[in-house]
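Labels run A, B, C, D, E, F, G and H following the written order; every chain starts at residue 1.
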Amino acid sequence: MTTALPAPNSESVSSDTPLVGIIMGSQSDLKVMTAAAELLRQFGVPYELTLVSAHRTPHRLVEYAETARKRGLRVLIAGGGGAAHLPGMVASFTTLPVIGVPINSATSIHGLDSILSMLQMPAGVPVATVALDGAPNAAVLATQILALSNARLQDALEKYRTSLKDKVMRTIEELRKGGLSDD
Amino acid sequence: MTTALPAPNSESVSSDTPLVGIIMGSQSDLKVMTAAAELLRQFGVPYELTLVSAHRTPHRLVEYAETARKRGLRVLIAGGGGAAHLPGMVASFTTLPVIGVPINSATSIHGLDSILSMLQMPAGVPVATVALDGAPNAAVLATQILALSNARLQDALEKYRTSLKDKVMRTIEELRKGGLSDD
Amino acid sequence: MTTALPAPNSESVSSDTPLVGIIMGSQSDLKVMTAAAELLRQFGVPYELTLVSAHRTPHRLVEYAETARKRGLRVLIAGGGGAAHLPGMVASFTTLPVIGVPINSATSIHGLDSILSMLQMPAGVPVATVALDGAPNAAVLATQILALSNARLQDALEKYRTSLKDKVMRTIEELRKGGLSDD
Amino acid sequence: MTTALPAPNSESVSSDTPLVGIIMGSQSDLKVMTAAAELLRQFGVPYELTLVSAHRTPHRLVEYAETARKRGLRVLIAGGGGAAHLPGMVASFTTLPVIGVPINSATSIHGLDSILSMLQMPAGVPVATVALDGAPNAAVLATQILALSNARLQDALEKYRTSLKDKVMRTIEELRKGGLSDD
Amino acid sequence: MTTALPAPNSESVSSDTPLVGIIMGSQSDLKVMTAAAELLRQFGVPYELTLVSAHRTPHRLVEYAETARKRGLRVLIAGGGGAAHLPGMVASFTTLPVIGVPINSATSIHGLDSILSMLQMPAGVPVATVALDGAPNAAVLATQILALSNARLQDALEKYRTSLKDKVMRTIEELRKGGLSDD
Amino acid sequence: MTTALPAPNSESVSSDTPLVGIIMGSQSDLKVMTAAAELLRQFGVPYELTLVSAHRTPHRLVEYAETARKRGLRVLIAGGGGAAHLPGMVASFTTLPVIGVPINSATSIHGLDSILSMLQMPAGVPVATVALDGAPNAAVLATQILALSNARLQDALEKYRTSLKDKVMRTIEELRKGGLSDD
Amino acid sequence: MTTALPAPNSESVSSDTPLVGIIMGSQSDLKVMTAAAELLRQFGVPYELTLVSAHRTPHRLVEYAETARKRGLRVLIAGGGGAAHLPGMVASFTTLPVIGVPINSATSIHGLDSILSMLQMPAGVPVATVALDGAPNAAVLATQILALSNARLQDALEKYRTSLKDKVMRTIEELRKGGLSDD
Amino acid sequence: MTTALPAPNSESVSSDTPLVGIIMGSQSDLKVMTAAAELLRQFGVPYELTLVSAHRTPHRLVEYAETARKRGLRVLIAGGGGAAHLPGMVASFTTLPVIGVPINSATSIHGLDSILSMLQMPAGVPVATVALDGAPNAAVLATQILALSNARLQDALEKYRTSLKDKVMRTIEELRKGGLSDD
C-alpha cells in the first residue's frame, strides 16, 4: 500500500490514485462533506469525491462499492441524511472499512434518523459512524486507518493533534491576557 | 390484474401466482411477519414469504426487487429492525408499492431506529411505513391496494372491517353483562 | 378503473374525475402539501385538493371519507401536524388506501408527534405513512398504486425515476468538471 | 346539575344517571382504565364504562360523543395507546371536557406515541391529558370538575387528599420505628 | 357559581370576580400565555393574570393556590417551561382543576422537559395538560368546565366551534375559487 | 461545621445530628434511595432518611426545606420519579445544596421525565442532578461537599476511590488468570 | 477555608486565590460559561476561568484536575457540548465537587447528548449536572457549597434569592398597572 | 505490520502479540464484549481483553492509551454504558483507530446515553461507533482495518461474509420446505 501513497516530494495530490472515496447521496450534502475532503487534502491523502445515491442511483451504488477495492480505494466515507442507507448498503457490497457521516437537515428528526439509520447495522456488516455532521472526523479516522501502514501519515496525524492542542493553548493565552481569567 | 387473482371458487391459495411478496432480513423477524402472511391467506391474496437480507444478501435484494414485477408481484411488504434498509433499498430497484414494517428488538432504540430508517426516505422513493411490529396492517394495506381492481378483495376487506367492529361490540356486550358498566 | 383515468390524448387533467384526494386540516399545511399536487399534475393523475379538519370539521371528515370511493377517488393523501388524526380517522371510514404525510411546525416536537400520531395505527386500519413533510413521496406512492392497473402511469413513473437518476448524474458531471473530485 | 348527582343517602351508585363516561378503544385497555372507575365509585360519582373504538367503530364514536351531553354526561374520560385518536376525536364532536389517558403497551414507543397523539391537539379542541397510564388521575380530575357545583364531591376530594397525606405520614412513622431514619 | 358569572347584559368583564386564574413563572411566558387571556375575554369569562414563580416566589405559590377557591376562582391555568413545577405544585395546594400549558424555549429540550414535568404527575394530584404552547386550548378547556353550569358560556363555546368550522369552510371556498383544487 | 461531624472515635452514627437529609416522595422510591443511606453510613456521615411528598404533603415539604438548615442539615438529597418536583421545590425554600436523584419506574418515559423535571431548573435555583437511579453518587457528592471542611471525610473519600480502583484491578487479575486475555 | 475567602473589606476579587475553577473545552463555550463567572464575581467568590479540552489537551485535563485541590480550588465547574467528557473525566482525577454544565450547539441532538454524557456517570464518580446552558445555576450551586462554611456568602445568597423574588414582584406590579390583569 | 500478524501455519492465537485491544469499564460489560473477542479469535486476529475504567482507573486509561501503539496494538475496541467516556478519552491519548461499542443497561436511557456519549465527539478526535451492544461488528471493523495490509485476514473476511449469506440461504431453503412460502 505504501507505493499507492504520494511520494514525500509530491505536491499534487490529485495525480495519485485515490485511497479514500468520499460519497454522498445528494448535492445538498456537499456543504457538510467537503470538510472531509479538505482535511484529507491537508493530510496529503489522495481521495475522490462524488455522488452515489442509494435510492436514485442504486446500480451505481452496487458498482461503486464492488469496484472500490480494485480501483485502489482503501477506506470509504459515506454521508447522508434522513433514512441514510448509503454507508450501510455500500458496506454490504465491500469489505473495505466504511465510515458513515450522519447529516442533519430541515426535514430530519434532529439528525436522530440519520444517526440511527447508519449506526444500528446488523451483526456482520459494520458502519463506523462518526458524529452528526462530523465529516472532519471521518477524514481523521480514515487517515488513522491508512496511517497504520504509512509513517508519513502517522506524522501528519501527530502534527494535526499538536495543532489542535496549540490552538487551545493560544486561546488560553488570549483569555489570560484579556483578563477574563483570574490566575 | 384480475386474471392473476384466484378465481372465486378457488380454495387453494398456494396454487396461484403470488401478488404480494413478504420479505424480511432475518429469521428472527418471522415471529412478527408471519402475521402478515396469515391475514393475506385469510383475505385470499396469493403471496410468497421469504428472506432477503439487505446487508448479508445484497445481490439477492437487487434481483428480488428487479424481477418482482415480472414475476407477477404487485405489492411488496418488507420488515426489518435496527438500521432497516430492506424496504427502502427494494423501493430503489422497483416502482411497485413497497410497504415497510419496522420491527422492535432487544438491541433496538425502542423501535425508533427501524421506524426512522424506513420512514425518512428521500423524495422520489417512498416506503409506505406502518406501525411498529404492524405486520397485520401491512397485509391490510396491500389488500386495499389490490382491491382497487378486484371486487372480491373489496368484499373481503369490508367483511374484515365488519368483523373488527363486531368483536368490539361483543366485548361491549360482555362488559354490560358483567356489570362493569353502569348504563 | 381504467376508464376513470384520463385518455392518452387528454391534455387537461382538471376535466377528469379525480383519482386522488389530497386533504389537510389547515391552511398552514398547504405550503407542504401542494408539492403532492404538483407531482400528481406532472404524472397526469387527476386529483382534488381541499381542507378537511378532523377536529374543526369532523362531520365533513366522515362525509368525505365515506363518499370518497363512490366519487371515484382511489387513493387518499392526508397531511397534518401535531396530534395528526386526519389520515387515521379517514382510514376508519373507508377501505381506500390512505397515505399520511406528517408535517413539522413551530409547536411540534420536531415532527415526532405527527409521525407517531399517523404511524402507530392499531391492527386493522393502516395508514401508509411517508417521511416528515414528505408530500412528494405521497404523490409518488399514490401513483405507484394507481399504476398497477394503468400502463401510462407506469411509464410516467419510470420516466420520473430516470429523471431523478439523470439529475444525480448531471451533478456528478458538474463536480468532475469543477475539480472537486479527483477521479 | 346538582339534581343529577346522587342524593347524600344513596348507597347505590349504579341507579343514577352517569355523569362521567369512561371509554377506551380496546379490551386490553381495561386493565389500566378500570382504576378510573374504581376511584369514581369511591367518590360516589355515577359513571358508565364502555368500549368506543375510534378506528373500528368510528360511527359509534360520533354517536357517543354527540349524544353524551344529552344523556347527562358531564365529563368524558378516554384512554388509548399508540396513535390514540379517541379522546381528540370525541372532543371534536362535543364541547364537554374530555380527559385523555395515554396508555403504554408492548408496541408503543414507550408511551410517547399515545401521549403526543392526545396532547398535541390543535387550537380550539383541547384534550386534558394526564400521565401515562394515569387513569386514577383522570378520575380525580373529573371529580374536581364536577365538584365545582357539588359540595358533597368537594368533601370527598378533601377526604381523599387527606387520605393520601395520611398514607405518607404512616409510612414515615414506620420508617421511624424501623430505624431506617436517624432523627 | 352562577352568580359569580357576569350577567348577560354586562359588557365589562373586568368588574367581575375572576373565575379563572392564569399564572406563569416568568415575564417571558407572557407572549404565550396572553393568548389564553384573550380567548377568555372573548368568551366573557372573568379572569385574572399574574406571575407566580414556583422557584423564585414559592411562598406566593402556596398562598395563591390555598386562597384561590375562597377568592372565587374556579379553574387555574398555569404555564411554564423547562422543569415546569408551577401547575403541579399549585395542584398540590388546591383541589380546583389545574390546567398546565407547557412552554417551549431556547434552552428547552424541544418542549419535552416542560411537557413531561407537567404531565407525569403522581396518582392523586392531576394536572390537565394541553399542547405545547397551547394557551388557547387551556382557555377553551377552562370555559368548557365552567360551561357545565352556565348556559351562556355553553352558547359561547358552540359559537366558537362554529366559527372554527366556518373559517375552514371559507378557506375551502377560497381554494376552490383559486383553482388549486380540481373538483 | 466541624463540631457537627462525629468525633473520630465515634462508632455510632445515629447519635449525631444529621448533616444530610435524604428524602423521597413515596415508599416505592426506597429501593433506590436506601443505597444513598448505606454509602453515607459507610462514610460516617450522619444522615436522616424520611418521606416528603411534594404533591401529597406539600406543607411538610415547605416545613422540611425551611427548617433544614436550622436543624443542622448541610446537604439535601431528594429522589423521585415521573414529574419529580421534590428536589426543585425543596431548593426553592432553602439555599442549602440540593442533590436530585431521578428514579425510573414502570410508568416513566424511560426516566427522561424525572431527569428533565429535576435538571431543567430555571436560573437562580439549581438542583445538582445525578444519574438515573444514581443514589450512591448522590451520597458521594454530598460527602465531597462536606469533606471540603472535614479532613476525616476527605480521607474516607480517598479510601473509597482507592477501593473502587482496587475492585477493577482485582477483576483484571481474575480475567488474566482465567485466560480470557491474551497478554 | 475561611481564610481563603476575601476579607470583608476586600474590593478586588482577582487578588484572591480562586476557590472555583470554571473550565470548558472550546472557545465557543465561552458565550454560555461567562455567565457563571459573572455571577461568581457578583457573589464575591474568587474564581479562575480557562480552557481545558478533554480531547485536545487531555494531559492538561489530568494536571488541572490533580492539582486543583492543592492550588486552593474548592469547586470545579466544567461546561461542554456533544460528547461532553470534561466534567466526568475531571471528576475521575479529583474528589472535589464537580458541577457539569451541558451546552447546546448546532450539531448537538438538542442538547440531549451533552446532558446524558454528563449526567449518566457510573457509581462512585458523580457529576452535579445542572440545566442545559445553565451556567448561572452552576455558579449558584458552587456558592451554596462554599457558603456552608462562609457566612458572608450565605448572606450573598440570601440577598440574591430576595432579588430574584423582587424582580418577579416588580413584574407583577407592572402587569397590574398595565391592566393586563383584572384583579 | 505484516510480520506482527500470525504466520499462516500458526494455530495458536494467544502466543502472538495482540493487534487489537478490547477494553471496557466494568465486569458487567463482559457479557456483551466477549462476542468481539470470540469473533477476533475466529478471524485469527491476536487480541487482548482487559478492563480499563475511565472513571475508576483514569491513570490506567492514560497509560493504556499512550502505550498501546508501542506495545504493537493497531486497533482499540472500547465498550461502555451510560456516560461512556472510555473510547473518547482513549482516542484523546492515541492516534490509533478507536472503535466504540455503546452498551445498554438497566439504568441506561435505552442506550441513547452511551450512543451519544461515544458518537458525538468533537472535530479532531473520532470514535468509530458501532451499533448498540454491537461488539461483533466492532471485531469485524477492526479486522477490516487490519486486512488492508494482510491478505489472510482479507480472505477470512470474505469467508465470513459468505458464511453470513449461506446462513440466510439455508433459512430460505428451510422456509421453502416448511411450506411457509408459496413459491
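General remarks:
The rule is simple: a residue touches a chain if its C-beta (ideal position, glycine included) is under 8 Å from a C-beta of that chain, and two chains touch if they have at least 3 such contacts.
Nothing here was measured: the structure is a model prediction, and the numbers come from that model.
Judged by shared residue numbers over all numbers used at their interface, subunit A and subunit H contact each other through mostly the same positions, with over half in common.
Taking each chain's centre as the mean of its C-alpha atoms, subunit C lies 51 Å from subunit G. With centres defined as mean CA coordinates, subunit E is found 36 Å away from subunit C. Separation between the centroids of subunit A and subunit D, computed from CA atoms only, is 54 Å.
We define each chain's centre as the mean of its Cα atoms; on that basis subunit D and subunit G are separated by 44 Å.
Taken residue by residue, subunit C touches two or more other chains at 26, 53, 56, 82-83, 107-110, 112, 115, 119-122, 124-125, 127, 131-132, 134, 161, 164, whereas all remaining positions touch fewer. Going by the touch rule set out above, the chain pairs that meet are A-B, A-C, A-G, A-H, B-C, B-D, B-H, C-D, C-E, D-E, D-F, E-F, E-G, F-G, F-H, G-H. Put simply, subunit D touches subunit E in their complex at residues 1, 74, 95-97, 99, 115, 119-132, 134, 136-138, 140-141, 144-149, 154, 157-158, 160-161, 164.
On the side of subunit A, the complex with subunit B involves touching residues 25-26, 53-56, 58, 62, 82-83, 85, 88-89, 91-93, 107-109, 112-114, 116-122, 124-125, 127. Residues of subunit B that touch subunit H in their complex: 13-14, 18, 26-27, 30, 34, 37, 46-51, 53, 56-57, 60, 82-83, 106-110.
The touching residues of subunit A, counted against subunit G in their complex, run 104, 110-112, 115, 131-134, 161, 164-165, 167-169, 171-172, 175-176, 180-183.
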